[in-house]
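In the part that follows, the structures are each spelled out as structure tokens.
Note that chain A is present in both complexes that follow, paired respectively with chain B and with chain C.
Right, the complex of A and B next:
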């Protein structure tokens, strides 16, 4: 069952008519994608994948497509991670801003426009938001890392939502193709200049060739009224390694889908995530790891801290295909509820069709450890402070795993500032 | 028998509105399901009006429902119109006349399970009239229960003797609108068990369907209702380790348990129905709805199950923890071999304060079997101090089987503590090597390791059952190694 609020869908058609490209081939493709989306509309809670995430608030709005925004370099400096020395690419309202971005990318790293991107012919049904992205994306980009290239400094992709009058929808699209034995650190940072009610629907496809390594850090700190939908599809070849660290702080509703296919032996993936919910925020992470080839490994750790009336959802699925022997898959979902009205729904799933496997998953839901709290109280630390300290320690397990020190520090600072008694807490951490 | 009842006669002679004519000489209703069939079942069992109405409401609701398809199961569609919904005891003519006519493979299994000779005949469905010792055993048994005030009888008997209790409790835990198979059961159930333990009574015996004389013919739509009043205690055993001869392919049973203040119900099941042959032909489809209501304070319901039979098992014994401090437990071993499929697990719904639940699920897959654990732990906003621990482990034997885990955890209370752990692995090469090195044959070594894997659950079974269950496991996994 899908929700079909006629007005929202009508709004999408209108937006499409206004923004469709002139090129007939491209236009045709986009029309097809839009029709596929329209057939079912926005997914409803009767669908298993959206069981705990209601898109009612999203479907009540009519979004317009983005115009040409502007951002000053002062504004830019205020929102970027201060000490991160990297190759900066700035996307404002979904469009690459050449004058604000690094002009010269290092050798072996190429950024180009992404053409002909409709994958409908593959025969599989695409998720609703992927179709929506195909119908609307504006400045789709292809990032290529040449074989044997090791990019020293991180590539910093800053996605900024500008100041828009009306709720605007942005559909960033990125395809990344990492050549054999290449190495890259990718930082994806989403934020807003104003308290907008935008819809950001990102779609990122990543292909790792044999032996390629990628560290992908994603920070979502957008407006607390916005809707952040993101899908990352990763396909990994022999002996490649992909690490994903996700820090989810912003938005009214955030939904993250990561789908990793370990297609050849020796491929390894690590997924880590932290969701910090406050107020009425709703944060949802769905991961799926397909062990298609033998001798592959996956590790997942997800943590969720929920306060106020926020709600967290985690669904981690591991599928071990037939003949994918000698694989290892481990998953943990740890959740902390801080208030009476917060809610967590977690579902770690295993689907296993091979026998020589080592798989485990664990899920916990609880409150702060009473003994730890007592220890701190007994040493004269007052309750609010002690609680904040413990919450920080819980969250920091994920943050501490981020490889790039400048991001780690920025995130620790950011989390501390969100906790009660944060100013004083800084002395401790 | 039929002619004694003019109402029934009338009903039979009326013919079917849907076009086909019935000719009822025997006690079997031709295949098909409609209102008349339900009226007929009800009339045959001389049921009071409220029960007939309840059945009809269920049937009406069933017509609006769709068969669920969310389970991790694949089977050929079930033709509900091809099933006969009432058949009196099977004709003795086509049953084997003596043990010599029984499939030698079946006898071999009995031998391995260590079943006494006279029992083998009964289990294999040999047409013998004497029920051996069980009659006398059952008589002394009934006397003892009556003295304690415990009611333990077949469901049909209870409908005649205690209609007020049936009316009060039937469908209170599993309403007729609950799910597709429970609704079907509500419309057409033929018999089952009824247990009532009065206030403060500790049932002097372990109740077992084995001792209920008419247990053999309860048919495919069984309905069990157990009510434990304040402060009472009962342990109930269902099923039998020996494979039963059974011609019904579809089984859709419903079990309802109600535990009042300080009451405790322990429900143990050993299920070993025909699983089909190695290619997956035949075999029982077992779609069971089991639910316990911990209605009172400090009440406790404990489910223990050993599932080795059936081609398809679809079963989620659940606990509704309504009373404060109530406890729910679920211990399960599910073994699937060859082409068997099992989708089983539990639901623990925490509503009352300081409720706690424990889930231990062990799944073993061999051959080309698929086994899934599907569980829900739900902590409602008011369930202050709720506690759950879930452990679910899967053991894989062979590279063509599958083991899956679908645990749902929904928590709305910050004081709740919920833990879930799951592992999947195969029997370790080093464990096997260790045993082989000490001169233990591979088959024995595997049996030993598997039994160790299941120990946590077996220790919850009543003792005699636990021993049988271990043997059963070995028999079920025969041929899965090597």
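Right, the complex of A and C next:
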């Protein structure tokens, strides 16, 4: 089933020995997580969930744990989203940088250390990378938004991979607890200072209490040689609302698992994602929405643009539980292949155990619209530019949905910059 | 301006244009009429460079150049413009972007610098006024959700902005209400000049009441089977196509 490359596992044991905490309780917890990981090793392509994503290149490497890196404020300013006015928290190589972060979070927003991370006792088998995260995470944080608090400015979480000599593994861990009727905009931005071959294995648990609203924008623009694994678990109580916008640009291999449980009536989730692959990049998004309670809604729109020899995977699973009547679940996966050698595997997976439901799903895979291209050419627009304009338009359907204007503009510029003739397109965004 | 000689073209293995010849002089306005499916749109699309159509023989010279050697965008740079029978909707590409990118691309080809934002807007406002279009159209996706008539107006707006040497208007009049037809005709007429030629594909005399053609041609089964002046269109309006087809058949058998 799974793969247990001896050298990589040995490397993990070594890294664990070098980094495990002195505190015996914590240490025990982490050891258990490591052993659970070791039992199965890395997921292999014979597991359904990993069928299209081969971790061969990742498991060939031996990653070390991060040391104490440094980042100057100039470096920081060069890579952060320029006009995003928010409460900034900077994590360098997985550790919160107090000097570079906003010292005073607004009232009702509290950041603390996360204790007791091991949920082994819950009885469920945890995903391999979650175990790995528990064994190794360095500065796990708990973010709490008090009931009835509206955090006006976005909370900007900047995760930076520093300059490391060896491939380094980082395991960001965040638990977010949004109180009753609270509101927050969360921006999670991953990037690298160098063209590193790091492994970033993030684990984020989100709990939304009744009536809470959260917009979560995730931008993954890390080194194109890195490995980006991310799992987001969301649990939603009555009438809560969660919106997730994911822009995936970086990494050699990216895997996103987002699992949303709509646990009480009135909970709504919107998942949007854009994967832009070039070269040999591999990008995989797995979503799972569990409609546990009646009167819940989910809407998913994913787009993927693949050039070169890049590969995309989208798997959208929707489970409607037995008593979850009168739910709505809609899913669309639209994919654009710009080269003959690019490949996409897209698949909806529906398990419906209730009878009064409204579900829809649709997937398209295609090339650029020939008619649209000819129309632009016939207006004298050069072919390269015309193609880029159409690719941008396709991608922008997702980007334009991001609520925060500064992120939207930054992403539009960023996307245009990697398109052929992008400099000439710039004036249009 | 344009000389088409014995043009043959096929699509998906089927020959549509079967030896079509037509010459268009500078400043002339030609109308092409003909039954559905006779090849009118095929002709103008071939001229604009659509690659679904294979030209199997014949030649087309445009302003002294071999038109068939040029890519679609190069044809546009040389001054060819096609108003589509079915303008394409391009969601996500803003109308203003399209106009600006197209205009700047033309200007670049002519060795002129890009228009700055103020000049560009002034120009567009002016042309929108001519076409009696609301400014809100500018911020919408190209033809996205436009009504049939609005799309046609938008085509002529683009033409007015790009100022081509040769405009091919493929059924620009169909789908227009009477007032819109006047606006569009007015837009086209305002572009008539001694160095600009216009080819109108149409089914109706009504358009020709507003834009008077110098020549009228009947296209049938991939060939021009009859040419005349504007009185030919009036006669077609009265008598339909049967008699022309019959006469053409008799001629070819003779």
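Going forward, the second predicted complex is superposed on the first by the 429 of 429 C-alpha atoms of A that agree within 3 Å, B and C clash if a C-alpha of one lies under 4 Å from a C-alpha of the other, contacts with A are read in each partner's own complex, and residues count from 1 in each chain.
Here is the rule we use: contacts are C-beta pairs under 8 Å (C-beta built on N, C-alpha and C of every residue); 3 or more make two chains touch, one makes a residue touch a chain.
Note that this is a predicted model, so its numbers are computed, not measured.
Asker: More residues of chain A are touched by which chain, chain B or chain C?
Answerer: B
Asker: In the overlaid three-chain picture, which partner chain does A:355 touch, first (chain B) or second (chain C), both, or neither?
Answerer: Only chain B is touched by A:355; chain C is not.
Asker: Of the partners chain B and chain C, which touch A:367 in the superposed model: first, second, both, neither?
Answerer: Only chain B is touched by A:367; chain C is not.
Asker: In the superposed arrangement, which partner chain does A:397 touch: chain B (first), chain C (second), both, or neither?
Answerer: second
Asker: Is A:340 contacted by the first partner chain B, the second partner chain C, both or neither?
Answerer: After superposition on chain A, A:340 lies in contact with chain B alone.
Asker: Just chain B (first), just chain C (second), both, or neither: which does A:381 touch?
Answerer: After superposition on chain A, A:381 lies in contact with chain C alone.
Asker: Considering each complex separately, which residues of chain A are in contact with chain B in the first and with chain C in the second?
Answerer: In chain A, no position sits in both the chain B and chain C interfaces.
Asker: Of all residues in chain C, which touch chain A in the complex?
Answerer: 48-52, 71-73, 75-77, 81-82, 84, 87-88, 90-94, 97-98, 100-102, 105-106, 109, 141-142, 158, 162
Asker: Spell out the residues on chain A that touch chain C in their complex, using ranges where they run on.
Answerer: 369-372, 374-383, 385-386, 389-390, 392-394, 396-397, 427-428
Asker: Inside the complex, what are the residues of chain A that reach chain B?
Answerer: It comes out as residues 48, 52, 322-323, 325, 335, 337-367.
Asker: Can you tell me which positions in chain B touch chain A when the two form their complex?
Answerer: Checking each residue of chain B against chain A gives 70, 72, 379, 381, 394, 396-426.
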